[in-house]
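Each structure below is given as structure tokens.
You will see chain A twice below: alongside chain B first, and alongside chain C after that.
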Partner chain A sequence: MKKLLEISLGVVTSIGGFLEMGEMSTAAQAGAAFHYQLLWTVVLGTVCITFLTEMSGRFAAVSGHTIVDGIRDRFGIKVLALPFVSTAIVSLLVLSAEIGGVSVALEFATGIGYQWWALPVALASWLFLWRGTFGMLEKGVSLFGLVTLCFVVAIIRLKPEWTQVAAAAVPSRPHGQAATYWFMAASILGASLSPTLFLFYSSGAIEDGWDRSYLGPNRVIAALGMLFGGVISAAVLLISAHVLNGRGILDVQDFHQLPLLLVDAFGMWGFVLFVASLGIASLGAALEVALLEAYLFAQTFGWNWGQDCPPRANPGFSLVYTCALFVGAVPIAAGADPLKLTIFSMALTAVNLPLMVAPFIVLMNDEHYMGEHCNGPVSNVAVIGITGLAFLLGIVTLPLQYFGGT
Partner chain B sequence: MDLVQDVLDKQIVDKNGVRMGRVDGLVAEMREGQLPRLVFIETGTVVMARRFGARAQRLMTALLVRLGAARKTTPYRIAWKDVREIGVDIELDVDSDDTPVHDWQRWLRERAIDRIPGAR
Partner chain C sequence: MARCERNSDCSTHRAMKPTRSPSLTAALTAIALLCGACTSSNDAATDARIVLSCARSASQWLDSWLDGTSPSSYARRSVDSASEQVGKIAGELQSSEPVAQIRGVQAAFDAARTALNSGDRARVQQARSTLNDATIRLDAWMRAHPGSAS
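Moving on to the complex of A and B:
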């Protein structure tokens, strides 16, 4: 029972890697443009990330390795090199997007332009990682992250057509604007399925000292944690369908439109709740992605790592998250549009996904590491199918979106 | 034992449990009429680069020299007899503080990390 309290690892992973600037922006855009219709991408994304998270926890608990560690161990540096480089770069973009998310929330709260907030946000995040422990990160982010449940309350207050909602959970083809539709599908899948999330979770499981006795709790933690993120993302999409699409706002071009989402349900408090949710979820994500960059480098090259040791025990590890946070702040401080940067980095995440997932799936089926706890056919098929779909959608629609002029 | 599967690329851990790099290369001794015998495991950036080809090795060496870390171009060799156990990681009978493996991290600690408040 006590082990189930580690649900905070599931929730922090869910908030940081799943429910954040990326998911909120892509879900809001999808709801505005296509009403309920893209809900199925949130459902598929949630199913797939639940499998991936459960697998990464199981891998850590059984083999004693994190995923990056396992890939290097099993396949060698030559196979790890490409996913390592691409994930490091894509995660840096995602980190920028998250710093953008916190900065945008602070702009809403204070009226001071978001670009001025990028460096203070990076500095505050850095200070948290510099002084804080892994437990503080887990418990702090999961506790404050509960504020995002306000999206669920809001959608219940707005009284959606539940039969239509259920119908939208099944994939369907668009009636027009096919290129935009599929691009948004790719972005939502990318926002849900970031490698950051399951790489972080497996490192967290090692930080928390998991062994085989955690196999049962891991299932519950992964399922509940991801369900938390999935339900809230679905709520954001449905709210956007009511509030933005319902008002004839079909294209969210500007992040200033986003706080409108909660105003119908809560009035002026809706604005406050939205700002708090966006700020806290994006901050959690920024901390998580920065830490992930450090895990990625340390595990690839075998440096000492661990968020519970003081920085002087792990100089290389600390150097990586420090650099990542400040480099990540640069595009936002230079005035890059946080919303555009977010959507772009989410679609890129979808394309990058198979590079890490492919070797991971092989590991999950390797008896040398997993013994009797290898993957079953259901998790193999679900993960390969959904990441394959995300990759295809991303690789086809990214060029169309940015170079095809559609 | 399959050396490539069970030794190469594994995490190396010193006798105090401090992670000290990965097995980037193996050094075997050829013996007349007998099977080759593993004598050292190696860890170091240049050995790792070598696995991508001779050009990658030259590039990495040049880069390290340019960065003023010429000493890092020679890998650190660990005698096979100092390997205590092979499990999830490779455990050594060595204290990492007695080796040059962490030189750059020590440098970083002394020059930067310790000068920032709250590093302890």
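Moving on to the complex of A and C:
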């Protein structure tokens, strides 16, 4: 039971991967432009990321390695170099987008432009990481992140046509604007299937001291955590279909349009709840991605790492998240549009995914690391499917960004 | 040495390329024109759809300002931001686009900004009504033009 209570790792991972600026923006855009029709992408993304997360937890529990550590150990630094560089760059862009998300929430709350909030947000995040422990991050983000359940309450209050919702969970072809439709499908999948998510989860499992006794709880934690994120993402899409598409607002080009989502369901409180949800989810994601940068560098170069140790015990690790947070804040402070930056970083995330997943598949089938817990046929098919999907996303997303994206 | 041979092969290959036939040239030109026309028509539809979405969002912001369901600074900043976007589109209008309708929305946005800055409830209500009228005209244009349905 105590182990199952570590669901907070699943929830915090899910908040960082699903409920951040990227997922909220792409789901809201999809609902506005295509009503319920793109719901299947959220369902597919949730299923895929649940498999990947379960595998990363299983790998950590059985082998005692994180994924990055395992790739370095199995293939050497030369093979790890490309995924390391690309993931570090893409994660930095995602970190900027998340700092943008918190800054936008603060602009909504105070009326002071988001640019002015970027550096204070970076400073506050840094203080949290510098002074806090991994447990504080897990429990704090999980607890406050529950505010995002307001999206689920909102969609229930808006009374959607549930038969139409169920029909939209099955993939379908667009009735028009095919290029935009597939671009949005790719963006939602890209936002869901972020390597940040499963790399963070495997590092978190090591931080929490998981061993083989966690194999059962890992399944439950990964499934419930990702389901939490998936349900809320689906709720954002459905609300957007009701509120924005229902009023003929078919394009979400400006982040100022997003708070309208909850006003119908909750009136004045809708605005407050949206601001709180965006701020907390993006802050959780910013903390997660900053830590991931530090994990990535430390595990690649063999430094000491661990959020529970004081910074002086692992100076390289602490220096990386410090630099990442402040470098990540620069584009937002310079006035970059958080929504555009988010969409761009989601597209790059999709391109980057296969670089990390391909060696991970090999590790999951290596008996030296996994013993009798190697991937079974179902897991292998799922991972190969995900990799194929990610490759397709990589090929399709960026050209569509220019020729078909809105 | 191998590189030189490969290079010379390449140039030989280039030299031996058949000259483009008139029919191929005509077909390529037709495709290019078609693509250009499609892009232009898609751009017009996309621009009109974006302006329409901005205008409808602005109606919501003005409503929320009037109802007090959101802070006034949010409504002002949102209208400013959307107005800037509509202004950009209006500044690059082409003949295929609904010039008068988009300029009408742009003017309604200017009125909304002024009204919000004044903080006068009656002026905001008036601006909302002007914006609604401009939105209806643009929506009518989009419905009248196949391929740009709202």
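To be clear about the criterion, the second predicted complex is superposed on the first by the 396 of 406 C-alpha atoms of A that agree within 3 Å, B and C clash if a C-alpha of one lies under 4 Å from a C-alpha of the other, contacts with A are read in each partner's own complex, and residues count from 1 in each chain.
We take it that a residue touches a chain if its C-beta (ideal position, glycine included) is under 8 Å from a C-beta of that chain, and two chains touch if they have at least 3 such contacts.
Note that this is a predicted model, so its numbers are computed, not measured.
Participant: Figure out whether A:173 sits in contact with chain B (first) or chain C (second), or with both, or with neither.
Facilitator: Neither: A:173 stays clear of chain B and chain C.
Participant: Is A:271 touching anything from chain B or chain C once the two structures are fitted on A? First, second, both or neither.
Facilitator: The answer is second: A:271 touches chain C but not chain B.
Participant: Have a look at where A:263 lands relative to chain B and chain C in the superposition and call it first, second, both or neither.
Facilitator: Touch status of A:263: second partner only.
Participant: With both complexes superposed on chain A, which partner does A:159 reach: first (chain B), second (chain C), both or neither?
Facilitator: It touches nothing on chain B or chain C.
Participant: Could you tell me if A:249 is touching chain B, chain C, both of them or neither one (first, second, both, neither)?
Facilitator: second
Participant: Look at A:111 in the shared chain and tell me whether it touches chain B only, chain C only, both, or neither; answer first, second, both or neither.
Facilitator: second
Participant: Across the two complexes, find the residues of chain A that touch chain B and also touch chain C.
Facilitator: Shared contact residues on chain A (touching chain B in one complex, chain C in the other): none at all.
Participant: Flag every residue of chain A that touches chain C in the complex, lowest number first.
Facilitator: Those residues of chain A that touch chain C are 32, 107-108, 110-111, 113, 176, 247-254, 256-257, 259-260, 263, 267-268, 270-271, 406.
Participant: Touching chain B in the complex: which residues of chain A?
Facilitator: For this pair, the touching residues of chain A are 63-65, 69, 72-78, 81, 130-131, 298, 301-305, 310-312, 314-316, 318-319, 368.
Participant: Which part of chain B faces chain A closely enough to touch in the complex?
Facilitator: It comes out as residues 4-5, 8-12, 18-22, 24, 43, 48, 51-52, 88, 104-106, 108-109, 112-114, 116, 118-120.
Participant: Which part of chain C faces chain A closely enough to touch in the complex?
Facilitator: 46, 49-50, 52-54, 56-57, 60-61, 64, 67-71, 73-74, 77-78, 81-82, 85, 139, 149-150
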